[in-house]
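I have a structure I would like to understand better, so I am pasting it below and will then ask my questions one at a time.
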Amino acid sequence: MSSRVAYLGPAGTFTEQAVRQWDVGRAHEAWPAPTVPAAIAALREGDAEAAVVPFENSVEGSVPATLQALLEDARVRICEEILVEVQFDLLSRGSTTLGQVDVVATHPHAAAQTRDWLAQHLPRAELVQESSTARAAQAVAEGRYDAAIASPEAGAAYGLTPLARRIADRDGALTRFVLLRRDAPVPPSTGADRTTLVALIWQNRPGALLELLEQFAVRGIDLTRLESRPTGEGLGEYCFWIDADAHLSEARMSEALLGLRRTCRDVRFLGSYPRADGRVPAVPVHADEQAYREAREWLESL
Amino acid sequence: MSSRVAYLGPAGTFTEQAVRQWDVGRAHEAWPAPTVPAAIAALREGDAEAAVVPFENSVEGSVPATLQALLEDARVRICEEILVEVQFDLLSRGSTTLGQVDVVATHPHAAAQTRDWLAQHLPRAELVQESSTARAAQAVAEGRYDAAIASPEAGAAYGLTPLARRIADRDGALTRFVLLRRDAPVPPSTGADRTTLVALIWQNRPGALLELLEQFAVRGIDLTRLESRPTGEGLGEYCFWIDADAHLSEARMSEALLGLRRTCRDVRFLGSYPRADGRVPAVPVHADEQAYREAREWLESL
Amino acid sequence: MSSRVAYLGPAGTFTEQAVRQWDVGRAHEAWPAPTVPAAIAALREGDAEAAVVPFENSVEGSVPATLQALLEDARVRICEEILVEVQFDLLSRGSTTLGQVDVVATHPHAAAQTRDWLAQHLPRAELVQESSTARAAQAVAEGRYDAAIASPEAGAAYGLTPLARRIADRDGALTRFVLLRRDAPVPPSTGADRTTLVALIWQNRPGALLELLEQFAVRGIDLTRLESRPTGEGLGEYCFWIDADAHLSEARMSEALLGLRRTCRDVRFLGSYPRADGRVPAVPVHADEQAYREAREWLESL
Amino acid sequence: MSSRVAYLGPAGTFTEQAVRQWDVGRAHEAWPAPTVPAAIAALREGDAEAAVVPFENSVEGSVPATLQALLEDARVRICEEILVEVQFDLLSRGSTTLGQVDVVATHPHAAAQTRDWLAQHLPRAELVQESSTARAAQAVAEGRYDAAIASPEAGAAYGLTPLARRIADRDGALTRFVLLRRDAPVPPSTGADRTTLVALIWQNRPGALLELLEQFAVRGIDLTRLESRPTGEGLGEYCFWIDADAHLSEARMSEALLGLRRTCRDVRFLGSYPRADGRVPAVPVHADEQAYREAREWLESL
């Protein structure tokens, strides 16, 4: 097995920042994959031992390509998460001035996060979509556009100059990246963990979503993310992506998983792993490990 | 251990009918206890191997003395149930006519079930309470009252004559009796079982009763009886008596019990035993034994 | 209309205490009715303008005769409630000593509340049931029994001497009495009110009780009493007696009533009236009158 | 007010098909706006009386630009919906053969819906993103790419030839378009209507989403769409887009709206309008107009 880590490239993406943040002091080779599926294909073919891909963003929501790729390979699991603060600069080749910018390239997520700035400072510029902000920076370096909206790191990677710094409309935007492995064991519980799941409910059963939420609620598990996504089978057909504040090895979580498995059309376990922010959940006294153990002993005594 | 069966006497009560219905072809000695606590005391002291007592009645509800006695001895459990159809006659000594009846004795439950008949046929008679219908019949035989409302069996037992037959205002009233043992194992599942429980919820937690009901609902268990009873600790303090359509050995029931044990202030298991009517519950496909087994296998595969 | 108040007699009952507590300084004639139905019949026939009857007791639960009588006359409503602290003395004729007491008369509720005392001090005495504690006291005065368990007031009313005082096993037991009127308007809201209801759910609809409770929960209404009672139609057929912490004229309560009316098999409104303890409920900010008014204005603006 | 209808252009988009499908026999001028916000700006400035924009798609989910634009102008409402069946052709200039296709342009949604076909037939072609499938077709007509994935209509509009027809991986994909107006009244109920809402729940209140769903469930309203979208305020902060099967003028819907308004942090009403498929919802008997009317009459009688 290679010690390479595949990531959504090219060099200069926020994903590369995530790899560096994770990798400080470790000796991995980072390989920039052209797309999320390509990064995951590298896992499958043994060309990489891990893959780092963007998962969700506090402004635009989840990254569909990552969700799709996770669903397609049942042996791939989330083993870690990494949070990166997102900053955008307007980058150009050295001599360009703001008045000379007619065409700006970026990724649609970055365009959405800088919309107000653009409306104020470059109201007439044409906006061109590229598949990543780093690729937009690269294209500016190649002379194809006047300027790119990308990270300071992308500016550095492609030798561009910032025309304006920190142009995001909101401060403090975060992107969450996940580190994926294939056929890897679930990392042990740290006491501050998350479990990622996808549940497909029976559409024709009224109250099925209520039931799904109750499986967590009756066991005192908070959900930090609940996102509906179309299954592709028709308008109104959804699966639900869930992040729950507990680890597979905790009794309340394993019991909730049993409940989901019994009542949902399908459920996919995508990993239990430490929270990047280390926040320990407030477990109600009736749902902690001791409550489960004590209840189990009582049941056996009957 | 004695092979005696204690029952709520005297001879001629509906409880004796229950003992006979249960006992057909078996060689037990039936011992008429004066009260429900006395019947249970006989169990405790080894004077009886089983006790048969009334549990609830389709007109008057549960029998408080039985509920109280069950709560007081944690080693006593319900092992069987017996349904007896309740019929009432107006019974007197041979020569009495309806016009001569000034004082009628009976048990308050029987009075309630024959109220319309009495209002129509004996509007001026005085009604005297006795502790059982059989005791009322006995008192009539002793000459203390003019007539008793009691079962035909009680009439036969005390040599009384029916002045009027089947005088209950509603046909088809049933009384449910339970057979209790002490330190007995839970009888095996038959596929058509009931579990009797008492749960004490946390009064100061809003929604605690909703939560209790959801513990059953999320696991597809029907409740055939839910009765609130004061705990004696103050107005508004209740415990809940529950009959649930499943057996302790079924996964859905044992999981519900674990949930109750974790979330309730207290929970008492009073027995899993075959339903007298043999009705097999409709278990939803997501809650049957196979669904639990399959879910457990899936969880272990993770 | 008479200015008489009917109450559950005879003189000396706790109900008479309730009448006095309510009536201090008013000029009503109190009439002791022999039974709860007789007190209510006096309302119906115009022989009384109000009736005071026991409703529930913190040890024994509700009083079936009152619940039954309320169900039978749809024009009778609860207009006030009165709480009486229950105390029991052992009462006898002057010369009797404890050692001479062989037969004790009382009401079954009082027997239940003094059971431990009796077991300790009069373990061999025979216990005889009377229809009220006051009637037991009267019978002792007539020489029919050795002693009665009844209130100090009953002792005074019938010229008996206390052999032992305050013999209840638990201190602080309360009985709640209700004052009934016929065809009376609902008293205005005081801010600390109760509404009494009876709801009959559709037994064959799974989750019907959950739904009933949710009608209150989604509107932030606390239930201070929930009691299941058999409907008399068969084992497992219940109606639910509910006391809810809100007044008919409050938006959250009227909306809950609309919800019940639509979803239940039947619902009976038995009155909105001030709480005897004056406790003001904690109304969640999303369910108070202002929240309802503001929401209504918003809806009209659409 | 102009009689122009703005739509997401250019000519040849699926949105234009939606306009035509809606407009058959009417005499509107259709104006192709470059972006969704531009189409809505035309409404605001009086340059168009209506705007037609894509809302959701059975494969890719909702269209973020439309959701965003609706949130930003509180006076814009959905007045109609139009469903268009999505078909894709591979389009090129006349003489090109499949073997000559090195670069394919399309919109990311179309790329996602033809991925399997592309993997099989053009595994080595480079995929370029354009802002709409029609724009991709236009770019092919201008000679910038070898082929476009777009609708047959786009092929016709730009004089292209289909190299392959109906290349979508799944048949029957639908896109739902909405017709927006500004300051328009809610269209009257037809009996088969939908209401679109956005609700922002109190994140720090556990069970807030359960409560939101119960507001609909207790009133028998089915939700045909529930989609969480980040609010942009941080990871884990969502608003919920809801399509509910009822009209604002129906009692069950207006009561649910009142409930949401009281319990949610914010709620936005975006329109009640006829369902494009005309499907009449199965209203439970306890939630239809008659049940509400009857309950209201009963409440007034109290």
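Labels for the chains are A, B, C and D, by order of writing; each one numbers its residues from 1.
Keep in mind that, in the parts below, contacts are C-beta pairs under 8 Å (C-beta built on N, C-alpha and C of every residue); 3 or more make two chains touch, one makes a residue touch a chain.
Note that the structure is a prediction, hence the values are computed from the model and not measured.
S.K.: Starting at chain B, how many touch steps does it take at minimum to reach chain D?
M.R.: 2
S.K.: Return the chains common to the contact lists of chain C and chain D.
M.R.: none
S.K.: Per the centroid of Cα atoms for each chain, what is the distance between chain A and chain D, given in Å?
M.R.: 25
S.K.: Need the CA-centroid distance for the pair chain A / chain C, whole Å please.
M.R.: Whole-Å distance between the two chain centres: 60.
S.K.: Would you pick out the residues of chain A that each touch at least 2 other chains?
M.R.: 214
S.K.: How about chain D: which of its residues touch chain A in the complex?
M.R.: Result: residues 56-61, 64, 68, 83, 112, 129-131, 170, 172, 174, 176, 206-207, 209-210, 213-214, 217, 222-230, 232-238 of chain D touch chain A.
S.K.: Hey, which residues of chain C end up touching chain D in the complex?
M.R.: Contacts found on chain C: 186, 211, 214-215, 218, 248, 254-255, 257-259, 261-263, 269, 286-287, 291-292, 294-296, 298-299, 302.
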